[in-house]
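After this come two complexes, each holding subunit A, first together with subunit B and then together with subunit C.
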Partner chain A sequence: MATDLRISNISKIYPGCVANDNVSLQFKSGKIYALLGENGAGKSTLVKILSGVISPDNGEVFLNEKNLKLSSPLDAKKNKIGMVFQHFNLFETLSVFENLSIDATEDNKSLRVRINEILKKYNFNIELDVPVLNLSAGQKQKVEIIRCLLRSPKVLIMDEPTSVLTEQETEELFISLKKFCGEGILIIYITHKLKEVLSLCDEVAVMRKGKVVSVSHTQNERVETLANKMVGQKLAKIKKKINISKNKDEIFKVKHLNFYSDDPFETNLVNLNFSVKKGECLGIAGISGNGQNELFQILSGEIITPDTSIIFRNKEIAKLNPKQRREYLMAFSPEDRISQAAVPELKIYENVALNNFKSSNFFEKGLVNEKKIKEHSKKILSDFSVNTDNVELKSQFLSGGNLQKLILGRELITAPELLICYNPTWGLDVGAINYIHETLIKINDQEKSTILISTDTEELLKLSDRIAVIYKGKLSKIMPSEEVTPEKLGVLMGGGSID
Partner chain B sequence: MSLDISFIGILIGSIMASSVPLILAASGELITERSGVLNLGVEGMMIIGAISGFALMVITDNLFIAILGSMLSGVIISLIFGFLTQSLLTNHVATGLALTIFGIGLSAMLGKNFVGIPGKEFPILFLSLRESIPFFGPILFGHSIVLYFAFALPFLTNYFLKKTKLGLVVRAVGDSPVSASNQGINVILVRYCCILYGGAMCGLAGAYLSLIYTPQWIENMTAGRGWIALALVVFATWSPIKVLIGALIFGGITILQLHMQAIGFRIPVQFLSALPYLMTIIVLVVISRDSRKIKLNTPTSLGRIFYKEK
Partner chain C sequence: MALYFFTPFIAIILTILGGGIIFYILGFNPIESLKFYFITPISNLYGFSELLLKATPLCLIAIGLSFCFKSNNWNIGAEGQLTFGAIVGGGVALLFYNQEGFYILPLVIIAGAIGGMFFALIPAILKTYFNTNEILVSLMLVYVSKLLLDYLVVGPWSNPEGFNFPETRQFSDSSRMPLLFEGLRIHAGIFLALAAVMLSWFILYKTYLGFQIKVSGLSLKTAKYAGFKGKTMILVVFMISGACAGLAGVGEIAGPIGQLHRMISPDYGFTAIIVAFLGRLNPFGIIFASLVVALTYLGAETAQIFLQIPKYTGQVFQGMILFFLLASDYLLFFKVKILNLKKNELRH
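This part shows the complex of A and B:
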């Protein structure tokens, strides 16, 4: 039976922000719909309303002309609306089977049979009795999809599903989604990745600032047209940088980096060796959870590993802590902006003072020199075009993009010789990403070096001079970026080997 | 004093009896914590259970009502905690501490008129078997029904958590309340139930002290057992069977060191009194070294406030 989902005049207002402003859309089964928009455009709010997690202030949802009352996730489930969230809704310490059985109405035996049928039908390869925390992101997503399929959904909503996947996994996902679509499931695909919209979806609705600004067939669209609709202004294209640093000195050299952990959430690192030249950007690709966290922490000095040698500007720094490393002009931008890079409850200027560098005179005789810090913070805010000049603002009120600019600004104002960043544009919108990328390129232009640990292959190809891939704690050989293609990276990131 | 076989049997029997309140309170708290709620009010709930059980016994002269009443009073006082932490979203740690202080104060006030009243003898099961079988008799028989229940409880708890649907739901809520809520599980309700169950078990643990173990009411008679129970749960890494082992070690060394003091070992008394705490922690740390298992058993959301998006 054909499915027809209609959203009518949905509004949702949060204090100080209109998340959804009179949104009306119509979806029919047999097609894959894209919901495209930047971060904060209101996509997530809309799908949370559709899945019953939050209720709208206004408006209605109709499924096959039946007015749905979606006041809890249970209502969505009952009405056969399945949802795969961007941040997985799985129980990490429970086994795959337990995760799937928790809301099942049948007994375990017949459930297992049904799960195995689904595994076979869609060629999913997942062990049912291991804890979910042992699975890769792609496998976790499959568990989520299976959970939806078990309820034979009419509508399947995917929220930014490829942000954690490799190229291969993404392709597999697309094949599955097309299969589901062929079986009559209506698919709504939320993303901010333009290429995915064009290669997968039939129709695309673009959202901006809570409103639907356009609905069109994807065959009539190109990357540029969609990008302009999404951002609302013309985007300047960043040029890919020319590799200029072939015969430069090595400024940073890591030897015998080994890390062993008992913690099942951590990845062991096995004999990593690499070096960075002056003015160069070394990219380290990989799917998250393959040791990037540990690598970043070791490079920044949060974890000290024995027997590792780290030479920076001709000095051995392997035993130094992060503060001492900063004094040698290293700078760090961790992945988790909220909990690692900045303290959200503190004001902007307090966060700026946190990585107190020697030359700054921020602290005198143990007291805080507020005036100096504030002046300094104002300079960062204006130099890095953060959209506020109020240094008293609590950092938690900055958007992800602005917070990242603040952090980069804080790190760069010391003119470091080496910046190590981990997923600097994670979760940011196109405008902010562009700005961060420009900044990173500028650093290299000034003969300073960067190490870019990222899960975004496009970003790596754009910014890096040389790229290596980390997989299960091992580093591939380091390749000049002009020899690297997204496909090659995808193979290596998935644990395959090239040539 | 002769260390013959029958004496050892009696000794083991008394060790078992002394660990009952720990097993009960810790098993109850374990379920509460597995759902992600950290209730530091164990001591308070136990002492309320102790006084209400004893008072009801004196008033009604019915042990059954007394036991039931003690559990009910544990439920009621834990309901305060539940309401504050789950409905009003207060901090678990502060609320739990307040509950303990409140419980100790309230019990002292309620118990004023019950000091010095002799308790009633609690029925003991299989008394004839206890006398007739050497060694195993005093270990296996001649105990109150509550003791048998307490020793079955860790196994029942383990079965509940690992094998039943409800146990799975409790673990899921403790792992990720947000995911559970998105799956349509009523997180607040589950947590309320676990808190109330924990309250009931703590109340029973208190009643065991005032009705069975030392049948009388003394102010502050739980004497820190609630805190030991809390520590047992953590050091046993949320595993019911390890809670049982820990409680037995603690009870065992408490009794043994009393005997050692009586015999007059040349070891400072203070050290002997500290021994149970020390040994319990050491043993539990040693048997729970597997960091992988710890990760899998630890309720990830423990002590964190959960509120539903609207």
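This part shows the complex of A and C:
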């Protein structure tokens, strides 16, 4: 039976922001639809409305011409709308089967039969009785998909599904999605990755500032045309810079970095050794959860490991805390920009004061120098083109891209010799990504160094001079980036070896 | 944000309504009883001075606690810190029991603050270096200090001319807080409380320490990332909190009581937790909250006299305030929805 999902004149207004402005879209089964848009363009709001998490101020949703009242996620489920979120909703310590049975309405025996049917039909290779903890991200996602499939959905919404997958896993996902589509499930695919839109989807709707600005067939689009529609302006293409740092001094050197954790959710690091040259960008690739978190925290000084030696500008800094490391001109941009790099409840200028290096005079004799901090913040807002000049604004009202610009601005204001960033463009839109990439390249051009820990291979290939891959807490050999291909990285990230 | 400072008022109104209902069930005229409870106690100058007298320790302790609570340190043992402060301050006062001199009172006050500070350092040090839970440790230390006080007033420090009553000698006049007005019990300790309010406002909003406390309270992850010295901060907030409680203890013994005995505090240290939250951990909010909660102490005493109900109804009112405050916070900041589900659907 064909499915027809129609969104009619949906509006959702938050104080000071129109998230959805009269959005109307039509989807028909048998096709895969992409929903594209910058952060804050309103696509998450739209998806939340479709999955019943929030209710619109205005407008209606029709499924096969039936007006749906979606006032809770339960309503969405009842109406056969399935949703796979970017962050998985699984209990790590329970087995796959237990996770699936929490949600089920039938007895365990028939449930197991049905799950096995699904596994067989779509060629999913998942053990039902192992804890979810032991699964790869791709397998976890499959568990989430199975959870939706068990309810025989008419509509399946995928939110940024490939952000944690390897190339191989992404391909597998695409094959499955095409299969679902062939069976008459309507698929709505939300992503920032333009290439995926082109290779997977049939139609693409682009949103900007709460409005749908374009609906088109993907065969008529190219990466550039889509990007321009999203951002609403022509994007300058970033050139990959020339590797000029072959014979430079090493300014940062890590020896014998070992980390052992009692926490099963953390990854142990085994004997990492690497160095960074002046003006160089060292890329560290890997699928998330392979030790990047722990590595970042050790490099920033949040975790002190006893045996490690970290030499920075000829000084041993392994025992120093993050504040002290900053004084030696290191800077850090963590992955979790919302709750670690900044505090959402604090005002912009207060968040700027978090990088309280000595010469800033933010705090003189223990007293807050509000004037100085605010002046400084104003400069960051304008230098890094954050779209507000109000330093009193709470940072929770900044979009992801603007918040990241603020954080980078804060970290770079000390003119650090080494910036360590972890997934700096995670979840950002093309415009913001471009801006951040340009900024990172500029740092290298000024003979300052960067360590880029990232799960985005494209970004790594674009920005790094040398690349290593982290897999299960071990670092691969470090390769000059011109010798590296996405395929090579994919193999290493999946635990394979190349020679 | 406005709502955030508004819910305490809702909680107070609900508490008064709740109190009225309880009085009604007990067979009293609710309007009359509430009048005895909340109006009669402060309808004359003496009553009003008693209100300030009771609000003084509550305010002081709550100010100290706000430092701990704002930075996610759960010091529940202010009562113990108050008691220990009173023991140390009282010990100094007893040393000088037969002497006069302007220097004695400052010594007593300082000794009390140091005593409270020391006693708060115990849970702080155990938390920072041994990873213990400060809630349990600080709470259990309350009983340690109370039993110590008990031992001292019946044993070594008991008044030799006191016919074996469990109390010490009377302090000399030089150890006593100066009275502000003839015939009223309100004493100079109130200035200590007001000074604490001003100082805490300054520290919390104008200094680097205050900034660190704020950030740590909102996100420990960020505090760690920013490189704040987490351990030092825990020690400092506990010391501030303990010093305030110690001062409150000294204020009581050197103020209205004038000696050490078993009942130096009607659980001010615990009630101050309610005061701190009712005042939204804001220095000026705490002044207001301490007056409201002090009134429940006075009202309970009046009600005992006029209605012949036990004065422990005061604790019922204090409990209701906290209950309604938490409830109105919850109901105002979260949306509660009643789902009408069939049995099977519940499993979805």
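Going forward, the second predicted complex is superposed on the first by the 490 of 499 C-alpha atoms of A that agree within 3 Å, B and C clash if a C-alpha of one lies under 4 Å from a C-alpha of the other, contacts with A are read in each partner's own complex, and residues count from 1 in each chain.
What we mean here is this: contacts are C-beta pairs under 8 Å (C-beta built on N, C-alpha and C of every residue); 3 or more make two chains touch, one makes a residue touch a chain.
Computed from a predicted model, the values in this text were never measured in an experiment.
More residues of subunit A are touched by C (comparison of subunit B with subunit C).
Residue contacts after overlaying the shared chain place A:Q340 against subunit C, while subunit B stays out of touching range. Once chain A of one complex is fitted onto chain A of the other, the partner contacts of A:D103 extend to both subunit B and subunit C.
Once the two complexes are laid over each other on the shared chain, residue contacts for A:P131 go to subunit B alone; subunit C is not touched. In the superposition on chain A, A:T93 contacts subunit B only, with no contact to subunit C.
Touch criterion met: A:K77 reaches subunit B and subunit C at once. By the touch criterion defined above, A:S55 lies against subunit B but remains apart from subunit C after alignment on the C-alpha atoms of chain A.
Within the superposed three-chain model, A:K154 lies out of touch with both subunit B and subunit C [touch as defined at top]. When both complexes are overlaid on chain A, the residue A:S300 reaches subunit C alone and has no touch with subunit B. Common to the subunit B and subunit C interfaces on subunit A are residues 72, 74, 77, 103.
Note for the complex: subunit C touches subunit A at residues 205-211, 214-215, 218-219, 221-222, 224-229, 337, 339, 344-345, 347-348. Listing the residues of subunit A that touch subunit C in their complex gives 72, 74, 77-78, 103-105, 300-302, 321-326, 332, 334, 336, 339-343, 345-346, 350, 353-356, 363, 366-368. Across the complex, subunit B meets subunit A through its residues 165, 168-169, 171-172, 175-176, 178-185, 291-292, 295-298, 300, 309-310.
Contacts from subunit A toward subunit B in the complex involve residues 48, 51, 53-55, 72-74, 77, 85, 88-94, 98, 101-103, 131, 133, 262-265.
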